[in-house]
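For reference, the structures are reproduced in the following blocks.
You will see subunit A twice below: alongside subunit B first, and alongside subunit C after that.
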Partner chain A sequence: MDKALIARGVKRCTTGRFLLWILPWLGLLAFGLYSAGLCLVKGLNQTNMDNRFAFGLWIFLDLTVIALGAGAFFTGFLLYILKLDELKAVINSAVVIGLVCYSGAMTVLAVDVGQPLRAWFTFWYPNVHSMLTEVTFCISCYLTVLLIEYLPIVLQNRRLRDVPHLMVFEHELHKLVYVLAGVGTFLSFFHQGSLGGLYGVLRGRPFAFREGLFIWPSTFFLFILSAAAVGPGFILCTTFLVEKISHQRLVNRQVYRLLARISGLLLAVYTAAKSVDTLIWINRTSPGSGFAAEQYYSWRPFGTWILLAEIVLFGLIPALILLAPRLRAHTRWMVAAAAMACFGVALNRFVMTVQTLALPTLPFDPFLSYFPSWQEIGTFLAVVAYGVLVYSFSFRYLRLFPEERELRVEPARQQAGLEFVER
Partner chain B sequence: MLPWNYGFEWNTGHIVFLGAFYTVLVVVATTVISAMGRARRDLARDCAGDIRWHSDFHDLPASDRMCRHVLTGEFRRRECPNAFDCRRCQTHARLIERHPPPTPEEPEEEILGMSFPLDRFYHRGHTWARPEPDGTVTVGLDELASRLAGNPEAIELPQPGTKIHVNGPAFRIRKRSAGVRVLAPVDGAIIETGSLERSWLLKVKPSATGEPAFRHLLRGAEIHPWLLREMERLQLALTAAGASPALADGGVLVADMAEACRQADWDAVSGEMFLEP
Partner chain C sequence: MKRYGMSIDLDRCTGCGACMVACAVENNIPAAPERTNDRKGITWIRVYKIDNGREWPERRTAFVPVLCQQCGHETPCAHVCPQQAVDVDPKTGIVGQMPERCLGCRYCMAACPYHARYFNWWDPKWPAGMEKTLNPSVAPRMRGVVEKCNFCHGRWHYAKQRAAAAGNRDIDPADYVPACVEACPTGAIQFGDLNDASSTPAKDANLPQSFRLLEKLGTETKIYYRSRRDWVRQIAGAPRPPSAAQPLHHIAARENPDG
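Up next, the complex of A and B:
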């Protein structure tokens, strides 16, 4: 039915199967929109957050998806600025992932902030002393950049290419995409850093407070590094997942290995930097604030295991796997390591958000506990469903993987035993 | 976030932050406006066809973008840097100067049961161009393309007076609900349209005459290796498009491939063979 919209020579499931696939996600999205609607109409009393526990599931989700979505800017940077041409094979997919992550984060942030009719106040009456202002400005700008980067991908749709005006505009916009990649890199570096800096400047929360360079606490740099490390890893994981779901090869194995190598290298640097930062914090920053670092880990369930898991299990080990050519050669090891790295960053954002707020900082403070309400979980799930839907439609109707067609012909080429064909 | 807003001060921090922010906005807006301006200029210059072909060529598999001199064994591996427009290729000019193509002894070449008259030039998108004594050029589908299309549902030919450009769209063929554009082999203006029954489709008044105007087209000894390769591409396209094994060695192509291979995704096969990815 929709064959005319699907690119030539690629294999996609029937319209019926596609509808069956999207139906549950649409249901989840509807449930999530209802949950978000309740929060917007009735207020934040629908959530389990309060004045003491003001950051919860949503901020954790925001920080995580923004880190995972960093693959868009970092892949763009590697491809258009550093000219790693192999990454052309995944750049479109990376842009869609980035768009989904950032737009999802912005939507959840809008629900979290509330008062949607006053959303423009953020821009018109900003608190110039807050790092969040920088984050808001950067994320809004970068989302705009991602939308513009997504436009040529949409305009490459088979039907739209038949409209000369759109086709020529797409061609010209694509020629200038390196400018957008540069701007995206600039914005991303700053807002990833500012998100980290947000926690590092919390003097009243010695668990999160960090020293640093000039005005920037060490978390500023750690957030940038960790996002750059897991961005390519997340692209690797999603590409692998899409290959499994669609039962076909989408990119060359060399591209996988390149992404793994980049991710591994940056993850190793991040793990080393995080370890040094933790040692400085344990031995200098925390005692300087009047707290022995070990006491933060006496509150169950946040024992020292969480620190070890973050640095060793989901940092050092995946970095070593991704850096070892023998292990990297096995797709299962490589994907598992990339997934572990992504999980490690999610854990880091959880620690920074939830553990920081849960721990008492004054003698009379209790240890706070928090579990999200169903409305919070519903809104969280809506973002997941939205991401799956946008990616599914993009995969079906747009050319996310330019090598797909050629890779599909490869078995036929071997089967036909063609000798004359150049490789 | 402007000077008249609450909390704003004229200090270095604010100026640097706002300067960076507004610079980003200006750069993004300028990029989009610039792309729109360039697109408008391209459309005014009638470059849409050329842009489309370059984009299509870029999307072809690397093995389909190979230089014509690979076919004749002069290079082992070389990708065409000019999107099959050899008129501006210095390597091609040098090679034909060094080894001028021999004059064919036979008036026609019979390849795998298909006839390829050697009084004309062949485009890699399966059209031919024959210079006529009156200075016009006749354009038609080669035998392989005719057998692929068989008895098409429709051929959408341009009106007389329409200008066509090398590697731009010349006409469209519709078969089994799949439409494909066919590339023009020459530059010029259409003066008459024909039909498949008359074995030619367009009569063109060319923009240029002489050998350079046809330099990008295949001829003589190039036809045989090119066609063998095209048959391999066809076999590959049919297998990838879901057809059962076809084109046995020594066999001859049937008159209507689209009808003979009903199980194949004809949209994909025709796109592959007519270089429209």
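Up next, the complex of A and C:
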């Protein structure tokens, strides 16, 4: 039915199967939109957040998806600025993932604030000292960059390429790609950092507060490093997942290994930096604020295990796996390690958001817990469903993996005794 | 330049809650809807109950009124607000909140170590007839914005108007007294200019039993607490997690149970 929209030379499932695939996600999206609608119409009393837990599931989600979506800027940086041409095979997919993550995060933020119609106030009355101002400016600008980057991918659709004007427009847009990659990298470095800075500057929350360089706390740099580390790792995981679901090879194995190597290297640097930062915080920063660091880990269930899990289990171990050529050669090990790295960054964002707020700061204030309401979970799931849907449609109708057609042709030629096509 | 602040004598506070009621009435704070918990309610001043952790007959109790501590240095909430909805008035030192500009992002609440900021989770509503009791000099806040103690800003404006009408530049200290101070039956809360050495809070601040909450954070708060009891003064420091056998609020006493 929709064959005319699907690129030539690639294999996609039937329209019926595709509809069956998207139906549950559409259901989830509808449920999520209803949940978000309730929060917008009736107010944030629909959530389980309160005056102590001013941030909850949504902020954790925002920080995590923005870190995972970092693959878009970082792959663009590696491909267009550092000229790692092998990454051309995944750049389109990375842009879609980035777009989904950033637009999803922005949408949830709009539900999360009490007065969404006043969002423009931040641009009108910006407090230049606030990390949130920096985040708002950079994310808004970068989302625009991502939309512009997504446009040529859409224009590559088979039917749209039949329109000469659009084809010329797409060609012109391609010329901009280096500028966009540069601007995207600059903006992303800043907002990934300011997201870390959001918590690092909280002098009143010694658990999160960190010293740093000039106006930036150490979390500013740690967030940049961790996002750059898991960005390629998340692209690796999603590409693997799409290959499994679609039952076909989409990229060359070398691309996988390159992504794994980059992710492993940056993860190792991040883990080392995080360890040094933790030691400084335990021995200097936190005691300097009057808080002994060991007390943070005496409040159950947040024991020292969470710190060890973050640094060793989901930091050091996946970094070593991704860096070891022998282990990396096994796809399962490689994907598992990349997934562990992604989980580690999600855990870090959880610690920075939820654990920071759960810990008491006044001596007569009890340790409190929080569990999100179904409206919060529904909105969270809507972002997941939205991401899957946008990616599914993009995968079906756009050329997310330029190597896909060649990878399909090669085995067929080999079978026919033809020579290998040199790439 | 003034630097308004308070001194609170914890040995005098009986925990009657008159300050909380007076504050709510003065500042048009609506009642929270039914079935809500105290973590979603709005109480610009909240009285916490603490004890020394010992069993009867050695058990001792104290009450700690906590309101915005009016941080004077690197004010955490003003520092983080993305749209300058929080400001520190250089003429008075009062940390103000502009609900009309607030986005409701709640970053300031996360930044405040004293949990003295409150979010309007609901539309403000008063039972039929009660809207007639609203204070005309204080605007009620809408749903989705943050609010907090501002040392009864309506009263500050009123005092300024009175001074202007009398042809004076400075206000008469007797004209500007926040509602909680006025309502306290034991006189535990005292208010005044900390820059004026003759004011009661300035004198109290220099007493040996005087302390501020979480002083090591360096926020230079303007609320001075005091108590003659050692175990009460332990609340000045950071929290210490209780052992499994002890309830959470006993922590203040464990350091010095004989105080």
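The working rule: the second predicted complex is superposed on the first by the 416 of 423 C-alpha atoms of A that agree within 3 Å, B and C clash if a C-alpha of one lies under 4 Å from a C-alpha of the other, contacts with A are read in each partner's own complex, and residues count from 1 in each chain.
In this text, contacts are C-beta pairs under 8 Å (C-beta built on N, C-alpha and C of every residue); 3 or more make two chains touch, one makes a residue touch a chain.
All figures in this text were calculated on a predicted structure; none of them were measured in a lab.
Asker: Assess the superposed three-chain arrangement around subunit A: do subunit B and subunit C clash, or do they fit?
Answerer: They fit side by side.
Asker: Once the structures are superposed on A, label A:3 by its partner contacts, choosing first (subunit B), second (subunit C), both or neither.
Answerer: first
Asker: After the superposition on A, what does A:251 contact: first (subunit B), second (subunit C), both or neither?
Answerer: Neither partner.
Asker: Would you sort A:362 into first (subunit B), second (subunit C), both or neither based on which partner it touches?
Answerer: second
Asker: With the C-alpha centre of subunit A at the apex, what angle separates the C-alpha centres of subunit B and subunit C, reported to the nearest 10°?
Answerer: With subunit A as the vertex, the angle is 150 degrees.
Asker: Is A:127 in contact with subunit B, with subunit C, with both, or with neither (first, second, both, neither)?
Answerer: both
Asker: Of the two partner chains, subunit B (first) and subunit C (second), which one does A:169 touch, if any: first, second, both, or neither?
Answerer: Touch status of A:169: first partner only.
Asker: Which partner does A:136 contact after superposing on A: first (subunit B), second (subunit C), both, neither?
Answerer: So A:136 only meets subunit C here.
Asker: How far apart, in whole Å, are the nearest Cα atoms of subunit B and subunit C in the superposition?
Answerer: Shortest inter-chain C-alpha distance (subunit B to subunit C): 6 Å.
Asker: Show me the subunit A residues, by the header's touch rule, that subunit B contacts in one structure and subunit C contacts in the other.
Answerer: Of subunit A, residues 124-127, 129 contact subunit B in one complex and subunit C in the other.
Asker: Taking the complex as given, what residues does subunit A use to touch subunit C?
Answerer: 43-45, 49-55, 112-115, 118-119, 121-122, 124-127, 129-133, 136, 198, 201-206, 288-292, 295, 298-299, 356-357, 360-368
Asker: Which subunit B residues qualify as touching subunit A in the complex?
Answerer: Contacts found on subunit B: 1, 5-9, 14, 17, 21, 24-25, 27-28, 31-32, 34-36, 38-39, 42-43, 47-48, 51-52, 55, 59, 61-63, 66, 70, 77, 228-229, 232-233, 235-237, 239-241, 267-268, 271-272, 276-277.
Asker: Applying the document's contact rule, which stretches of subunit A touch subunit B when the two form their complex?
Answerer: Residues 3, 8-9, 123-129, 134, 137, 141, 144-145, 148, 161, 164-165, 167-169, 171-173, 175-176, 179-180, 183, 186-187, 402, 405-406, 408-409, 412-413, 415-416, 418, 420-423 of subunit A touch subunit B in their complex.
Asker: Please output the residues of subunit C touching subunit A within their complex, sorted ascending.
Answerer: 33, 36-37, 39-41, 48, 50, 64, 66, 74, 76, 79-85, 101-107, 109-115, 117-123, 142-146, 213-219, 234-235, 237-241, 248-249, 251-252
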